[in-house]
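The chains carry the letters A, B, C, D, E, F, G, H, I, J, K and L, assigned in the order they are written, with residues numbered from 1 in each.
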Amino acid sequence: MHILVVNGPNLNLLGRREPEIYGTQTLADIDNELTKTFPDVRFTFFQSNHEGAIIDTLQSAMDRTYNGVVLNPGAFTHYSYAVRDAVAALPVPVIEVHLSNIHLRAESAAGEEFRRLSVIAPVCKAQVSGFGPAGYVLAVRMLLNATTETQ
Amino acid sequence: MHILVVNGPNLNLLGRREPEIYGTQTLADIDNELTKTFPDVRFTFFQSNHEGAIIDTLQSAMDRTYNGVVLNPGAFTHYSYAVRDAVAALPVPVIEVHLSNIHLRAESAAGEEFRRLSVIAPVCKAQVSGFGPAGYVLAVRMLLNATTETQ
Amino acid sequence: MHILVVNGPNLNLLGRREPEIYGTQTLADIDNELTKTFPDVRFTFFQSNHEGAIIDTLQSAMDRTYNGVVLNPGAFTHYSYAVRDAVAALPVPVIEVHLSNIHLRAESAAGEEFRRLSVIAPVCKAQVSGFGPAGYVLAVRMLLNATTETQ
Amino acid sequence: MHILVVNGPNLNLLGRREPEIYGTQTLADIDNELTKTFPDVRFTFFQSNHEGAIIDTLQSAMDRTYNGVVLNPGAFTHYSYAVRDAVAALPVPVIEVHLSNIHLRAESAAGEEFRRLSVIAPVCKAQVSGFGPAGYVLAVRMLLNATTETQ
Amino acid sequence: MHILVVNGPNLNLLGRREPEIYGTQTLADIDNELTKTFPDVRFTFFQSNHEGAIIDTLQSAMDRTYNGVVLNPGAFTHYSYAVRDAVAALPVPVIEVHLSNIHLRAESAAGEEFRRLSVIAPVCKAQVSGFGPAGYVLAVRMLLNATTETQ
Amino acid sequence: MHILVVNGPNLNLLGRREPEIYGTQTLADIDNELTKTFPDVRFTFFQSNHEGAIIDTLQSAMDRTYNGVVLNPGAFTHYSYAVRDAVAALPVPVIEVHLSNIHLRAESAAGEEFRRLSVIAPVCKAQVSGFGPAGYVLAVRMLLNATTETQ
Amino acid sequence: MHILVVNGPNLNLLGRREPEIYGTQTLADIDNELTKTFPDVRFTFFQSNHEGAIIDTLQSAMDRTYNGVVLNPGAFTHYSYAVRDAVAALPVPVIEVHLSNIHLRAESAAGEEFRRLSVIAPVCKAQVSGFGPAGYVLAVRMLLNATTETQ
Amino acid sequence: MHILVVNGPNLNLLGRREPEIYGTQTLADIDNELTKTFPDVRFTFFQSNHEGAIIDTLQSAMDRTYNGVVLNPGAFTHYSYAVRDAVAALPVPVIEVHLSNIHLRAESAAGEEFRRLSVIAPVCKAQVSGFGPAGYVLAVRMLLNATTETQ
Amino acid sequence: MHILVVNGPNLNLLGRREPEIYGTQTLADIDNELTKTFPDVRFTFFQSNHEGAIIDTLQSAMDRTYNGVVLNPGAFTHYSYAVRDAVAALPVPVIEVHLSNIHLRAESAAGEEFRRLSVIAPVCKAQVSGFGPAGYVLAVRMLLNATTETQ
Amino acid sequence: MHILVVNGPNLNLLGRREPEIYGTQTLADIDNELTKTFPDVRFTFFQSNHEGAIIDTLQSAMDRTYNGVVLNPGAFTHYSYAVRDAVAALPVPVIEVHLSNIHLRAESAAGEEFRRLSVIAPVCKAQVSGFGPAGYVLAVRMLLNATTETQ
Amino acid sequence: MHILVVNGPNLNLLGRREPEIYGTQTLADIDNELTKTFPDVRFTFFQSNHEGAIIDTLQSAMDRTYNGVVLNPGAFTHYSYAVRDAVAALPVPVIEVHLSNIHLRAESAAGEEFRRLSVIAPVCKAQVSGFGPAGYVLAVRMLLNATTETQ
Amino acid sequence: MHILVVNGPNLNLLGRREPEIYGTQTLADIDNELTKTFPDVRFTFFQSNHEGAIIDTLQSAMDRTYNGVVLNPGAFTHYSYAVRDAVAALPVPVIEVHLSNIHLRAESAAGEEFRRLSVIAPVCKAQVSGFGPAGYVLAVRMLLNATTETQ
């Protein structure tokens, strides 16, 4: 069992940036929690601020060396049709994860309407939003089930 | 620990209606799975095709007799500001669950654009979409964590 | 042969409300005309101002105890995705009927733009609009043909 | 009793074009069915791919030589304000007929959003949509009733 | 003199829900204030979370047993064309009341754009918005004047 | 107690312009009615067709020489962000008054869609619309209450 | 001096169609009035319900055999980019004429929003709208001036 | 015979501002031309950059001291609902004049989309656009005809 | 090998109309170039300003007497759903050709936004745009390949 | 060197109105700072709540008695096409200044979407936004540079 | 003769990804076909998933070391204004190539509306879409012609 | 004092690309001018066509090693929510600089509507637009003031 966990732009700042929205856990904390929670799963963790690097990495899952992908696209969620196409090409299931409730933020005081739309969600298998770091755990659990089911 | 599980219109048809989208499990199957998976949790299950009945039921959680709510609003997701207001008034966390990937359906062959928008999501704590019946399990797990955290 | 005739909110006022638009016939008059015109058909007539009751009733046609449904959704036409989902789930044909020409009303002096769109029409088999009470007769005739064809 | 039946562009291909949507009956079949079903009615049938020819023909009904018009405007439905003006000028009732459910097609896999709107419907007396060739029969029946009523 | 006072969904929570917006008075307090302020008026008070029940109740005013209606549609304000149709059918004046300034809320931090539009207002005689519980008193006073005038 | 009553463009025509919408009372009649109804209140009345003059006058209430403002912005309602800013800057409550039901007019035969939106309402304390001249009386009564409450 | 006067679809009905909007003068009356008012001008009059025939006729003015064109495009005003292109190609000035005030009709009781936009106006030299038959006289007078100026 | 000619903001710059659009004639030139062309008509000329002054002036025509109004609203064309209301209140016909083709400018290189819409046109009797200074002459001629007709 | 080349409205003006956009070659020049470049192909050339004539001609390709169609719809590109339906009905491939870059023109100084959208492109096999007359040659070459491939 | 500094509606309230947005400096403070910072420049300062007065003043710069204009249009920024036209007519450079970041305010908690758009900016030479009173200093410095350059 | 061929994100997957849309040829196959078809042309082939790398490469054509560019921007087509700016800066012609008919895909079952718009097309010389790999050959042929013409 | 100056895609072409819009100064010229104008400030200059590289660089300012950032995002201005998030995370002020007046370009002949909106501006402290290279100098001066103020 091998799962690819991909994080998009500015998620390397987790724990340091707007903690009232994103919490105080760092990305390393999340990676550790996943490793600890699923000792039988092999994880490859990847974060980049470069759209191209994220696409390159997603493409590395083309040959089923991975059983599934957990993807938090960060701000690419809202405009990167190139990441979308890379996800659509994958033969393994991809779960989209957002730490905060993006629907809430679209309507909240910051008025960030653009956060309502995910151009990537339609080609993912499922999404979780608003669960904080626990969202990654749920996504992996889901992938484990999906893999078991189809065996 | 007491959790309210509310299902909206037409979800009583689960297992009989468009199984290629919603699968073959019935709502009773899902209820049973929850009961079995969380033996220490007391569940109250409610389904109705009546918007008013759903609001009445949600209001019954005003006095913290419940620790949290799992809500699949069905088609009310897309227009019931009344259900939204009932959710917004609750002092306990509400998790929105959708069986299918509503983003995919909004773009898919059926062209059901209206399924893209949830008027209820902005007042929920979190959402899961596309996990099928497992989404209910994830939502309950989330509520257990949330309750533990804040104790 | 058994046909379900469902009328939505405020149609119980027929004959009393805005007669210049809806005419002077009451809903009972229409029911009688159907019974008289089709003596060999068994009719079940239902009217409600409650969206949930209409969905409950439509669901009663899930098991083919009815050969078809004639539905005038009233104002639910324009926003009830819950009624739409109930229609979509039915294994028997549903004909949407509107007494007045809803396209005309959308543009007419009252400026009721919202009347132009039916969120239910796309999941019906056919629509008639603007025929007044005769629209119900045409819809039943259509269902008789459809039933005969597929036998 | 004299009725004008007007069919717009590409309806001469009926029975040959996309039979899964439009069926296998030709326009001549429909004409014959009308003649046979209403032996006491005199029909004038007209089909053209030319917008101007359709307007010329509709104008021929200005002097009440016809008792009513059955109009399937084909694709002109969606943009010909000139046909609309010709219909609006007529002193006899016009019924708009569509073979397929245009609301369904607007949302279906073909994504033909433009099929949702009829610019002609607001000036017609009534519409039928989705009844296939039987729609013409229903429209004529309607015109017979209307004529009788106002006598 | 007999006035019907109808309150829509979640208004039974008044005094308990978001008091910074809606104040601490309960609906019973408002009813009492009306009774005390207008000792010569007979009031019928009705609240429901059920759209159908509200329509049923409004229809009970069809026969002029009431001299006027005060209506706070709650969230139905923003989408219930069925309540609108019921109001439009009434022969007595209806005054729309909102406790808070809905225009302010549409623009405020909560970003609840949907609160800007009332689909019911165009068929009411008048509206008051932002006066808190006093809005009900103003509405009744208005109805008394209107009744006197037309006598 | 001192209240400023400000009326915008064309309201000086009251009683002479479109009486079927605005009634036959003149602005002087309304002023007199206010003076008579509230003998203990000192009123300053102001009407102008000049946006700048209205802003100058509103600014004169910056120093709390007034206890509140009653404002009928006339057509400025729909576009004057400058009047809006002047209102927003005032430390005393402002009540927006419209003689006719602006929601009705937006949908009515005149098709004056622009009348639906008030750019000033979001910075007022409350609005009354559709009460005719009585709206001014209600607004003053409201200001008296507000002033009493906060003492 | 030679001027081409082109009238679009349904203008041959002038005097017979909706006289409350278009008046009782026929197109022949207008032609006569032009001939009588401008005895020194040679006129070619053309009316057709066929878009192609109108384009053919407009193209006949490519070689400056005409000094200018008066064009009432009828309903083609609102969608015929083909007529627009024909106008744009002409080396002589074209004046667009509308009998009724199209801006008024766009907002009036008929709610014909589509009448607000002319896709042809941007390539014409000038427009007159709402002057009735006199609009043609004004347009010709304008062309005479323009021709004189540039000599 | 007495006609009021009203010009809006920046039209006092005529002849000095962007002559390639507006020509080299000044407003005084136009006034002189009108006086010379119509020796039997008494003219009152008014120009202002102040919206309020224009409304005051238009209102001076309330008592039929004028037989008609020629109005070039300048940039107020596109947003002044206050000027619109003043025009709507007048008992005499108002003709809207624009020197340049506003439809062309909406699409031209300057991309001034806002110039396409006139909020005042729907309440005027007629419009001329694109005729340059001659548009004023045409408008006066039109008013003379209208006055003659109704006598 | 037999190919139908259809050109829409105003393309007969090629070489005479706006040569800075469309070049100086006439349609006859293009026809000759095709005949010379593909000596083994039999061509039928058709141009018309009549939408109906273009549909009639396209329908003549229903019986595979042609191997493919090259279509430059001219301005019909932007609104003729009737031509679209005719193309959709053809059993042979259709290539859409535009002389100029329609995307550039949509944004360019002329501001012809409407040129951005082709309502016909979605039912064609392929498009070339901006190649000038060479676009026709490319389209024919493409059809030859397609025919060869499927043999 | 002579510079005109024009401030629009409500800017006379500077230092008194919403100091958390606009700071505590008054307009007089800003004027003094400009005079002190640029001792060699002659300044004319003008503020008005009257759109017409601002246009009159801007027009006074038509004859190059000024070398440039610094303009803070206040709320006129968002709708005054009349001020825009006055700016467009000026032969000297105009710099638009906003004290606060209008882009931020458009998205912030106040939800003042309308503040995003400046209808005047496209005809100015440049803008500064968000610099507070220092924006005026920057604008003057810019004008000095521009003047030097072009000498 | 030297031509740069640039392919955007995910085009390296060609032949492996969604072959029913994109066919079974790889990008290397296309490169080989170009080299073989045009033996006298020197090609530089570049593919990247990195927007920045594509811009860097396009900028390398600033000094006319290339005679032209063939560009398939992949998903960057729909949002990369940065690639657009790089194309706009080039002194040599750029041809945009799409393998599939993007207009068809925008309307087809996948509902990928976003594929309709190319933000890059307006700054290219020409586009081909829907020709599959042959589109590259056509684009190169076009560039050869263009180069020959301008010599 | 240490300031980071970041320039986005294609700004390395400055002085070579469209000099009529961007002038003839190169980016190096601007850097030199900054260094010369502010001898006491330490500058770090960065330009990249890679969105990811720009985000990486902006993140290097997380630890206050810089006192402020001057950012010209180039085309990223219009769509890069990822750059926006990076800016939002910074604890030091960021000033957005555009060489040309982006508001003018949105409306100008090139019709580049997309240039009107900056998705980054709402999270910057201030913007300057249209000042050419001098904009960078103004931005730095602003940062110096801000730093001094808060000490």
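The rule is short, and it goes like this: contacts are C-beta pairs under 8 Å (C-beta built on N, C-alpha and C of every residue); 3 or more make two chains touch, one makes a residue touch a chain.
Just so you know, these numbers come straight off a predicted model, no measurement behind them.
Colleague: Quick one: which of D-G, I-K or G-H reuses the C-E interface, over half of the residue-numbered contact pairs in common?
Modeller: Answer for the repeat of C-E: D-G.
Colleague: Could you compare the number of C-beta pairs in contact for G-H with that for D-G and name the larger?
Modeller: When the contacts at G-H and D-G are counted, G-H has more.
Colleague: Please report how many Å separate the Cα centroid of chain B from that of chain G, as a whole number.
Modeller: Chain B and chain G have C-alpha centres separated by 62 Å.
Colleague: Need the CA-centroid distance for the pair chain H / chain L, whole Å please.
Modeller: Spacing between the chain centres: roughly 47 Å.
Colleague: Taking the mean of the CA coordinates per chain, how far is chain C from chain D in Å?
Modeller: It comes to 23 Å between the two C-alpha centres.
Colleague: Would you mind listing the residues of chain J that make contact with two or more other chains?
Modeller: In chain J, the residues touching two or more other chains are 50-53, 79, 106-109, 111.
Colleague: Please output the residues of chain D touching chain C within their complex, sorted ascending.
Modeller: 101, 103-104, 106-108, 116-118, 121-131, 134-135, 138, 141-142, 145
Colleague: Of all residues in chain K, which touch chain A in the complex?
Modeller: Against chain A, chain K makes touches at 8-10, 12-13, 16-18, 48-53, 74-76, 78-79, 114.
Colleague: List the residues on chain B that touch chain E in their complex, please.
Modeller: Within the complex, chain B touches chain E at residues 50-53, 55-56, 59, 62, 79-82, 84-86, 88-89, 119.
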